[in-house]
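Following this line, the structures themselves.
After this come two complexes, each holding subunit A, first together with subunit B and then together with subunit C.
Moving on to the complex of A and B:
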């Protein structure tokens, strides 16, 4: 049985126009998300993962230009019809960010913020009904004492509670897709574990698809059905979570996995990936990882590797893996 | 027994809560509430705990950025709050710090040379050539080259900026560096580079570190001893191997199980802590962890557990290990 694809991103390329030139933030990115699936975009700073998320949410900053590509959400091309009937209940995409404090207006009570969203999107006008709905979702995110939270200002709540509030707001209008951009990065490990757990439960309960953006492969492994590894604006590897973790193909993915501190093995020294990301304004001609790669070959400098399905459901962009040699 | 480099004795730091115009004190935030430990020369001690556990306040007290409410900090046996003049300057030189966000700790209006030269000019008498040579050698030690000398912080990546902050911390040849979440603002690949750099520098310069973090997964790569704190109190302490192989306190165990490790996803039993740490204004009576502890018993709510020693180095404060 194949599940329906809720989102298809095809050949997406996005540039940022800045004073010094053009930053090629996203290049030729294609992937899909199935109904009810959690897909993780993993990459370091500058990998373009957040830009992809913003593009899907329709929230790119003004200096961003979509050079080419399609974002097809529930069968319709998003980029050409964005403005038309954008808020039919089927077509909602919500996004949550890293810093809940910056997301919530400090001048309004939590209850006012969530009621506003519900009123606007669900077209409910009866205040009692709005309140009921709001409390229902504050309860769904396992906030203790939702009544008190409803009447609190953001500064009265802790970071973990605020992130729950933000999730409640995002889910209160039944989105089909939730984009979560590093939602646990600012939290302590114990709270991070709570929030990941909550997202997994809500996904099961509400059937929402999630695009989870993170720099931490460990977090991605906890929550993702599928993991996409990005580097310098391109997809390097994509596979189901277990496959990617136990059979990583791309040298970059292997490097990333090696530099995660492990709990079950003892190393005297942590492995690291030497060097740093290339200049995004002048990407190298061949593979963009070539200068940091331990297995770089002559061809890597000159020819850009294509993303190929080297193993079943396992795509990789690296000259080490060529279809004809399989 | 030799004197430790730094000895913290029953350290307490209470912040008064003031209300109204007159600043009437209505209560205290008990950020650190009776913490004692030693750091030996060349030793790396890690303090691990969540936000609000008081770990950063301990660091600030050691750096003399906060006055102690109670307790003593002894440096080579001398009470640091009583140090004056040259002795105090020497202490400040010997204890340096690296903070979480390098972009906040580096002055955006100064280039790398000026950032590194400022403390050196004040504390050492060097000619211009010597100064230049010295600063270049510092950059070298942290893995950067001379081309960085005239860059400004905004031109650096997070990892490079943190390297500059580390270079500044070692510039006055300190004995102890306090590392307050030195890698939590960095990408994982860069985090690994910085941790390795810190480990190398420690061996080269015979430094001691006090590493402060909420992430138990990074501490084992670098520390000799681990201290787990919760709401201003020590819950467990021991050698790294002891804590990592056999975490005894339920709080330490939950911290471990919260680490997202891709390879133990299914095999491990996860203990997820419910709720958040209670307020340090009114810490719970008895064991402070009892409100969130999965193994809570009646006695935990009434009485604070005493220290229980499992070895000469491994101590835990928990009623589970008290023989009845």
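Moving on to the complex of A and C:
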């Protein structure tokens, strides 16, 4: 099973320039996404997962600086080509966001926004054709009465419906990669499952690859083919979903898994990982997790662990797993 | 149909109540004065019978609510009293001076917003550049300068020193007489265009420039500052970021989407600054001898001409509420969330 790599991220480092200094939000991140694959980026807030997503989507805020690294999408270096990019819609990476209510301009009908996106990328000028295409995708995201939705203002629709609209907008130009930045976080639990199902269905139908960003390992396990665990701007562990869930290597991943509430044990206490994330302006010299790690050793303070493929298709960055001890 | 008829009807009914409220307040104020107008009416050395007759004539013998109804009746039938100063009916004076003021205010507002909004957008897009700094200096200074002082300075510079623009009156009487110009609507610019009277048109334009410029200073600065602040805010909102991320062109994002979000609060400020501009018009008209309602009110105030002053107050208040109703309607056309 050798699938084509659709996206390669190599040694990506991103800084945010703020008033009191430079935040090293993403450091030396490398990973790949295969065609038709769902990769989950998991991490707590401040882990840099959203920054990675925004960088790939080409939607970084103004104060972000890509210090080094490459983002190669469909064989082309995305970072050096982006500005003069006059490519087809298939070379476009689309993104959906956390808050569907804030994502859509409240003064415009949903149909107008989706039509503009279609018109711009698919270079269709006939209004009837644009409308048909828009309705087709509003139907594809399983919205009841797409005609009505098309003519609605955002405030007339519910959060769940809006997230479906946003997904329709993102997929309407037939992108090959979709970045989903915590698309279910702001929704009710019942809606979360629906939206996840919808994304999986659409992925199968349209063959789009998805980079799914979430802080919720449970959600990641449900949707992801592969899970990447990030902490403080670095990748700590990466493996196929089942492998990561049943055989977590990094102490941080294990901690995260223990934090998922266990509903089958009565009166079990909610667990958490003690401590706070380190100061991103001055990352520690060694392992960034050392202060919160229960298995920290002397070496962890001074030497940064490298990301190594400890098991097959299972990469981890921790001194507990050194290649020579395998 | 973007706005329901229901909404418009609702707003007009509300407007009627606001105007009734204005009339009620002016009525109460005039009745609050502990005077006996019938004594004044009857004149000195009047007998008790004469005073009694005057009381009846002035309806002062009737209960207060009947008096209010009669007052409303007088207001609606155009019986606003006789001006003590000009000796003509107040309503005739007010209506003839109102158009002069409206012409001035409309021109001032039009240019204030037509120029203010683009300048504000530019300042927002070039945030912290020299353009932004320059507009900030101009607008802060412009909004801080008292209107009457600016009026005098402008008169001095353009009227006296440079001598390029006349600095008093709406139109030269000689040109009116020579060309046989007869105002119909009272808006001289409009009238002269309709009648094809070029000399009057040119003279009117020349004379309106300076007072309109002075009057436009405050709304211009306000709309520029507002537009800049709101635009910067809007550009940082998620719905703009998402359009950028979805790859729409800068032109579309800026002028089709963000500008619409920006315009809403700027238009709301238009309605509010209208009140300030009317006050400004009082000063500007006085300095430029502009025969508008401000000039008329100021003259009436100076000669204690109460019927005229009350007439002016009611007219300005009514206009203020009409403008704000219109602004609300425009607001509801742009923003679907306020269509109730």
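Here, the second predicted complex is superposed on the first by the 319 of 326 C-alpha atoms of A that agree within 3 Å, B and C clash if a C-alpha of one lies under 4 Å from a C-alpha of the other, contacts with A are read in each partner's own complex, and residues count from 1 in each chain.
What we mean here is this: a contact is a pair of C-beta atoms (placed from the backbone, for glycine too) under 8 Å apart; a residue touches a chain by one contact, two chains touch by 3 or more.
On a predicted model such as this, the values are computed, not experimentally measured, just so you know.
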| item | value |
| --- | --- |
| Superposed partners subunit B and subunit C on subunit A - clash or fit | fit |
| Subunit B versus subunit C as contact partner of A:92, first or second or both or neither | second |
| Partner chain(s) touched by A:103 [first = subunit B, second = subunit C, both, neither] | second |
| Per-residue touch tally on subunit A - higher for subunit B or for subunit C | B |
| For subunit A as apex, the angle formed with subunit B and subunit C - C-alpha centres, to the nearest 10 degrees | 70 |
| Touching partner for A:312 - first (subunit B), second (subunit C), both, neither | neither |
| Subunit B versus subunit C as contact partner of A:123, first or second or both or neither | neither |
| Touching partner for A:155 - first (subunit B), second (subunit C), both, neither | second |
| First, second, both or neither for A:58, with subunit B first and subunit C second | second |
| Partner chain in contact with A:170 - subunit B first, subunit C second, else both or neither | second |
| Subunit C versus subunit B - closest C-alpha approach in the superposed model, Å | 6 |
| Where subunit A meets both subunit C and subunit B, residue numbers | none |
| Interface residues, subunit C side, partner subunit A - complex | 237-249, 252, 256-257, 260-261, 264, 334-337 |
| Interfacial residue positions of subunit A with respect to subunit B in the complex | 44-45, 144, 158-161, 188-194, 196-197, 215-222, 245, 255-257, 259-264, 266-267, 269-274, 276-277 |
| For the subunit A and subunit C complex, residues of the former touching the latter | 54, 57-59, 61, 92, 94-95, 97, 99, 102-108, 113, 116-117, 120-121, 153, 155, 166, 169-170 |
| Contact footprint of subunit A on subunit B as seen in their complex | 50-51, 157-160, 187-193, 195-196, 199, 214-218, 220-221, 254-265, 270, 272-276 |
